[in-house]
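Every chain is named by a letter (A, B and C) in the order it is written, and numbering of its residues begins at 1.
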Amino acid sequence: MARTIRLVLSVLALLLLVSGAWLGLAWAPPDREMGDVQRIMYVHLPSVWMGLLGVTLNFVCSVAYLLNPRRTVANLDADALAEASAEVGLFFGTLGLMLGSIWGRPTWGVFWTWDPRLTSMAILLVAYAGYLALRRFIDDAERRAAWSAVVGIIIAVDIPIIWFSVRWWNSLHQVQSSPKTVDPSMVFVLRWNAVAFLLLWLVFLSTRYVIARSRRERELAPPPLASEVAR
Amino acid sequence: MSNALELTDVSKRYGPRWALARLTLQLREGASLLLTGHNGSGKTTLLRILATAFRPTTGLVRLFGRDAVAERESLRPRIGLLGHTSFLYEDLTARENCALLARLAGRSAAEARAVLDRVGLGARADQPVRTFSAGMKKRVAIARLLLKQPELALLDEPFGALDPAGIAEMEEHIRSLTSSGATVVLATHQVAHGLTLCTERLHLVEGRAAPP
Amino acid sequence: MTLSKKPPGLLHATWLLVRKDLLLEWRTRARANALFFFALATLLLFSFALGPDTTILQRAAGGTLWLAILLASVLALGESFRVEQENAALDGLRLAPADARALFLAKAVSNGVLLLLLGAGILPVLGALAGLTLAQRIVINSPVATFALTGSAAMALVLVLGCLAIAAPGTVYAAIASNARARDVLLPLLLFPLLIPALVAAAKATALALEGDPMLQFGSWLGLLASFDLIYWSLGFALFPLVVED
């Protein structure tokens, strides 16, 4: 049942992505200021959004895991989802960052500037890479779940602080112009691609979640049977 | 006479292994339990759970009628643990180590000094623990336990690394605990010594109760 | 003889533990000395890497100072938990009982103090290497009142707030890393991205305290640093028990 849904979603995502690519590359009008280069926004922005969505989900799962006082086996679902969302978020965030960098080359002449958004995203990605590294280096499943939830919360709380500090830090130097999508057809294409990316994100997330869940099950021995010898 | 300990269907898992599997056990106040079993049979895990250091994966643990997980803060002053590790800071003196514990448990530093005299470390009390032999470190460890005047005393291999004189002293301390009405759980490979000190016995095999 | 069995409250327990930590630091002060020389060596490395031109060193002084403190902090934080792991001393305290939150506060305070001493120690050296001077007057415009600080007071304030910013999350992460594999890599990997806002704020504020603050930005950076401290000391206070208790 779940596999059928994933299959349907995958097909749908693929269709939307392909059509979205056509819409973005051919159908939508070129930007008045930036020309065709602006078209990369149709994939850059959704990638970034999916990265942030993954991060948000990770935070929610981390809090959910820690709020459960008994921390029974059932709550390892929250932990598996936290792991999946961090990885998928990292993937999309990195993709978004690379696409933003590619956009930057013809626009600003350089692959990287200290634009607050790019910079914040870069810091975030390193932070979540650290989160995933931590998960790799703790062997006990229950400990790993609790400690990575702690780290997940600490990182998530830092996100607004990073954003403000980087903005102040950079505001002393230059002001970046953000691409303005005013044409309604551009908005439409952006939304189309956003939905496509969301579906893709869901497919990746659910697949990764299933993998994480089954790894948890393999790691943890099943409950033992009742004693035959009573003391 | 109520129960000092009540374990109901308690299991503890470390990853792929169950260290304790569905253990049920009661011990009256003032009784003393000898815990035996091979290495890895779950003795240390059981003691740690009784000390409220760990919580069980499943099952209920009650100490003196209270939930060992929910009320661990209020139970800890009543429990003394002599563990595998010494819990000592090597660069502090024996007296400093004990005084810290005393103060945290609501007792005075003077009591720490007194108990160090009692275990025969009065002369060396002001030297860093790093300079102590294994046997002396054991004495500081038992001093830490006696200091709390615990109602529940948990001892994990107390005779390890001790010479015969040391073993005799340790037996004396354990006897003083049992005669003062404390409940004692003693895990040891020295079964013969243990049997003379304890009223009851539990043998563990792979985390379960089994006949010895 | 059963005397009063009432364990101390949170603040008293914290005080007892801070004394323990500072006493341990004093007893092993050879290590703290080595840490100091490590930080000095870092300053030298930066000076050589950035070139002999003192104007560049002066402009980079704020960042250099805080990078040196940050790198030394990784060693200091790791070591502060190694001593607890040696004989499971931390567990012993936890079972004494000691409130895990008191354990956090004490560790974070003592780590903060150590870093502060370190920072205060290397600042004059950096001053000499780069030919630094402190600003005459730093003005902070707050909604409540306007404060005028001397350059040295401003510098001291930045040092204190910056070291506190490293100490709180550093303590939580060091507790985690000390129980994981690859702990030497894990601690800086986790800590560095997290501390970027604090690093930025501290470095900027330091630069202003040295060069002067015509645009009155010092207050904002200090505010950012203070907010970071407030948030992470609270968060550490709440989350540390989840790290050390089962």
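In this section, a residue touches a chain if its C-beta (ideal position, glycine included) is under 8 Å from a C-beta of that chain, and two chains touch if they have at least 3 such contacts.
None of the values given here were measured: they were computed from a predicted structure.
Trainee: Looking at C-alpha means, what's the farthest chain from subunit B?
Mentor: A
Trainee: Based on Cα centres, what is the most central chain?
Mentor: Of all chains shown, the one whose C-alpha centre lies nearest the global C-alpha mean is C.
Trainee: Could you tell me the distance, in whole angstrom, between the mean C-alpha positions of subunit A and subunit B?
Mentor: Computed from C-alpha means, the inter-chain centre distance equals 48 Å.
Trainee: Taking the mean of the CA coordinates per chain, how far is subunit A from subunit C in Å?
Mentor: It comes to 32 Å between the two C-alpha centres.
Trainee: As a quick test, compute the distance in whole Å between the mean CA positions of subunit B and subunit C.
Mentor: 38
Trainee: Show the residues in subunit B shared as contacts by 2 or more other chains, in ascending order.
Mentor: None at all.
Trainee: Which subunit A residues sit where two or more other chains touch them?
Mentor: Within subunit A, residues 139 contact more than one other chain.
Trainee: Can you tell me which positions in subunit B touch subunit C when the two form their complex?
Mentor: 51-55, 72-73, 76-77, 79, 81, 83, 85-92, 96, 100-101, 103-108, 111, 128, 144, 149
Trainee: Show which residues of subunit C lie in contact with subunit A when the two form their complex.
Mentor: Going through subunit C, the ones touching subunit A are 169, 172-173, 176, 179-183, 185-186, 189-190, 192-194, 196-197, 200-201, 204, 220-221, 224, 227-228, 231-232, 235, 239, 242-243.
Trainee: Report the residues of subunit A in contact with subunit C in the complex, numbered from low to high.
Mentor: 66, 123-124, 126-127, 129-131, 133-134, 137-139, 143, 146-147, 149-151, 153-155, 157-158, 161-162, 164-166, 168-169
Trainee: Using the touch definition up top, name the residues of subunit B that touch subunit A in the complex.
Mentor: 11, 13-18, 21-25, 57-58, 202, 207-211
Trainee: Looking at the complex, which residues from subunit A come into contact with subunit B?
Mentor: For this pair, the touching residues of subunit A are 139-142, 219-221, 223-227, 229-231.
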